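Multiple structures are listed underneath, in structure tokens.
What follows is chain A paired twice: with chain B in the first complex and chain C in the second.
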Partner chain A sequence: MIRVVLPAHLRTLARVTGEVKLEVDGQVTQRAVLNALEASYPMLRGTIRDHVTQQRRPFVRFFACEEDLSHESPDALLPEPVVNGIEPFLVVGAIAGG
Partner chain B sequence: MSASMDSTSFSNEEILRYSRHLIMPEVALEGQQRLKAARVLCIGAGGLGSPVALYLAAAGVGTLGLVDFDVVDYTNLQRQIIHTTGDVGRLKTESATEKIKAINPFVNVRRFDTMLTSANAMEIFRDFDIIADGTDNFATRYLVNDACVLSGKPNVYASVFRFEGQASVFAADSGPCYRCLYPEPPPPGMVPSCAEGGVLGVLPGMLGIIQATEVIKLILGSGEPLIGRLLLVDALALRFREVKLRKNPECPVCGANPTVRELIDYDQFCGTRGEESAFTVAVPEIQPEELKRQLDAGEDIFVLDVREPHEYQICNLRGHLIPLGDLPQRVHELDSSREIVVHCKSGARSAKAVEFLRSIGFCHVRNLAGGILAWADKIDRTLPKY
Partner chain C sequence: MSSVRVLVGTRKGAFVLTSDAKRERWDISGPHFAGWEIYHIKGSPVDPNRLYASQSSGWFGQLIQRSNDGGKTWEPVGNKFEYDGVPGTHQWYDGTPHPWEFKRVWHVEPSLSDPDTVFAGIEDAAMFRSTDGGQNWQELSGLRGHGSGPRWQPGAGGMCLHTIILDPSDANRMFIAISAAGAFRTDDGGKTWKPINRGLTSQYIPDPNAEVGHCVHHVAMHGARPGVLFMQKHWDVMRSDDAGDSWHEVSGNLPTDFGFVIDVHAHEPETIYVVPIKSDSEHYPPDGKLRVYRSRTGGNEWEELGKGLPQSNCYVNVLRDAMAVDKLDSCGVYFGTTGGQVYASADAGDNWAPIVRDLPAVLSVEVQTLP
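Take a look at the complex of A and B:
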């Protein structure tokens, strides 16, 4: 079970509260997690990754285990604590409120 | 951070005032002198700016600059604690200066009753050592960042939305800048503002106090500043997460080969030129006056409200409620042959709904320009605004 934390506005869009829990088949990579996320919540397509290029959008970043994974390969394995569901995969988005 | 020791002698009254600092070895007389010599600029005297300014004034920061062009309104009072009910309608800088002086008359306040722009930012920043970013929009955040990088001044950053906040210290000589974190802003309308999505009143208080703490640490040269780290605050779970940030060697402003060497047009960069977002100008609109005329004439208009149910409870036009996020699943509730007018609070979400409906074949669908707020302003002044 993979835990994913979404920014507040994407939780609203996906109609979820708290963390999202996902089953990911095969190797647990950014791409696999995001594919599973978008399959469960189609309304999130285009919000985290570009619709066409599937690249991370520049106002969104990925973190896990305190590390910035934003520039890792989408096919790199995620850290073991994320794979084991001990730590969440964080999707962090720009906010501007003050 | 070096600070001039000029004009930093203390009267007996000041010694008494700062005594809880003076007995701490980490501050002591030298630290208090540094605070008195320091010049801190608060961008925005709102939710974040309120606690930043109040605590820095109380702590004895010698010069506080306040940049804000806005006036206090009733919707500010739930979180902008430097302003009171009696301040509604006054300039925020005027109201804030009064409170700062009441807390600590030894503070020199410099007011800038103006919008921070590419034309004035470098000039305003020149007389300050540290910048505390408490603005409420992406264009000004990129402007503050770039002006900080170009002037070599630390940007003590925080932002809030609903129950969540982010804080960091962007000091480009030793760590990443805001553009390293977010190279580009979200398209207009994609990430709601606090005016659209709300913010827990105490949240800017929490984040503003973190900003004030970081400012004081930079002035004292003590502790571990939040440089190269992003603090993520979730007030609902009361969870603080810290993640590492790296400098982007290809950052256009602080990287090895910068392409941004002077301030740019940040409205253009953020796609926010003009008052309407890109979404609201891209879809057919109807003005509130025209909708009123058509409804009064008994024309067959289907009013679709795409706000959330809790917003509908505050005020409504008796429209059919389908929150924007539910629209794809509930589109079967709509008749594509009818004239449909979609509205939300201010027009951004409903523009997305119109765009979506037109993409799936609805031809007679328009966006209510300015949303229910415009209706309250122009048609029904009894309607509560939020």
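Take a look at the complex of A and C:
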């Protein structure tokens, strides 16, 4: 079970409170987690990564295990504590004014 | 008894203002989508409880929300706006080619006949259509594919398609406007488009007869006379009596011919409204006095309407989609400001009062007249 923490605006959009828990088949990568997230919550499509290019949106960051994973390959394996559900995968809205 | 519902989009959410036909006491609901930019909300003319809203954010991109109960509840629908084919390039500010990139939806325009059909005007400028209630969107690529597309250039607010007008007498005819390309018309339901900018002069482009490149701020039409169009351009208020084939200036005695909004009285096709704004970079009312100007002669002769509006120290702007009229017997006129006020006049502009004073900056105002 993968634990995902969404920023407040996306929790409101997805109508969830607290963490989201996802089953991810195969290797646990950013792409696999986001695919599973969007499959469970289709309203999040296009809000974390661009619909067409599938690139992370510029003001969205991915953190886990006290590391910024935003610039990692979307196909890189996530840290073991995320894979076994000890630590959450955090989707963060960047501090960028507004 | 009739009532009105005012749909307000702001920098930080949407608000729905409702009143009975007296338009004296208002209920205010919101913010809906708190913290998100709501560029535009509009209801279906054939099913007034069907609303569409453009919701966007610099962090999380674009969403389209749909309501089936007049704005009490909402559901997100499709938000994939993918240009048809290879997007190609338009002109960047420095004159170099720049790839077309989707940024946001500026305007949603529900069909006049089908609540599930809705058009969207987007930045970078293109027009999309959904025929399934907003779930899926297809580009009407004949517009962007017009031969002039590579010469279109963004205005200061981006290269946005901000105005969509559907002709009630001809389902195949639509008008759109783009900053800073100009106005266009289709007569075949969106397959092909022609620029309709003859007669516009723009001091910032060298060719006085340029086919495109004009910074059109807004266009308005009265449904009973779809061949007559009124335009507020970056400078100049313009009029066309031949569906945009030619334009002539009707700025007349306005204190400044710059502004963003323009609208037409619901029952008097020759009565039009603008809010003059001091150009070019100040973007607030002349002399700090907020005044609507009304022409009962289709332009050229304008009267100042300021009763109930602040007449000193007022330095707000009124953005292009932030004026609307209702259809009650005594036509109501409404507009919103970047200072967060929404003003209403229940007597066609003679007297004004704020419905609400302290919203976030208002981006758009639409009005529904309900039975």
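Following the convention adopted for this analysis, the second predicted complex is superposed on the first by the 93 of 98 C-alpha atoms of A that agree within 3 Å, B and C clash if a C-alpha of one lies under 4 Å from a C-alpha of the other, contacts with A are read in each partner's own complex, and residues count from 1 in each chain.
Note that contacts are C-beta pairs under 8 Å (C-beta built on N, C-alpha and C of every residue); 3 or more make two chains touch, one makes a residue touch a chain.
What you see is a predicted model, and the numbers here were worked out from it, not measured in a lab.
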Chain C versus chain B on the shared chain A, clash or fit after superposition: clash
Touched partner set for A:D50, first chain B, second chain C, both or neither: second
Partner chain in contact with A:A94 - chain B first, chain C second, else both or neither: both
Partner chain in contact with A:E66 - chain B first, chain C second, else both or neither: first
Which of chain B and chain C A:L13 touches, first, second, both or neither: both
First, second, both or neither for A:G26, with chain B first and chain C second: neither
Partner touching more residues of chain A, whether chain B or chain C: B
Superposition clash, chain C against chain B - the stretch among 80-88, 116-124, 242-250 or 278-286 that is involved: 116-124
Contacts on chain A seen with chain B and repeated with chain C across the two complexes: 7, 9, 13, 43, 47, 57, 59, 93-94, 96, 98
Chain C partner contacts - residues on chain A that touch it in the complex: 7, 9-10, 13, 43, 45-48, 50-52, 57, 59-60, 93-94, 96, 98
Chain B residues within the chain A interface of the complex: 44, 46-49, 133-138, 141, 158-166, 181-186, 190-194, 197, 199, 204, 230, 232, 237, 241-246, 308, 324-326, 328
Interface residues, chain C side, partner chain A - complex: 35-36, 57-63, 76, 79-82, 102
Footprint of chain B on chain A - complex, ascending: 7-9, 12-15, 18, 42-43, 47, 57-59, 61, 63, 66-68, 90, 92-98
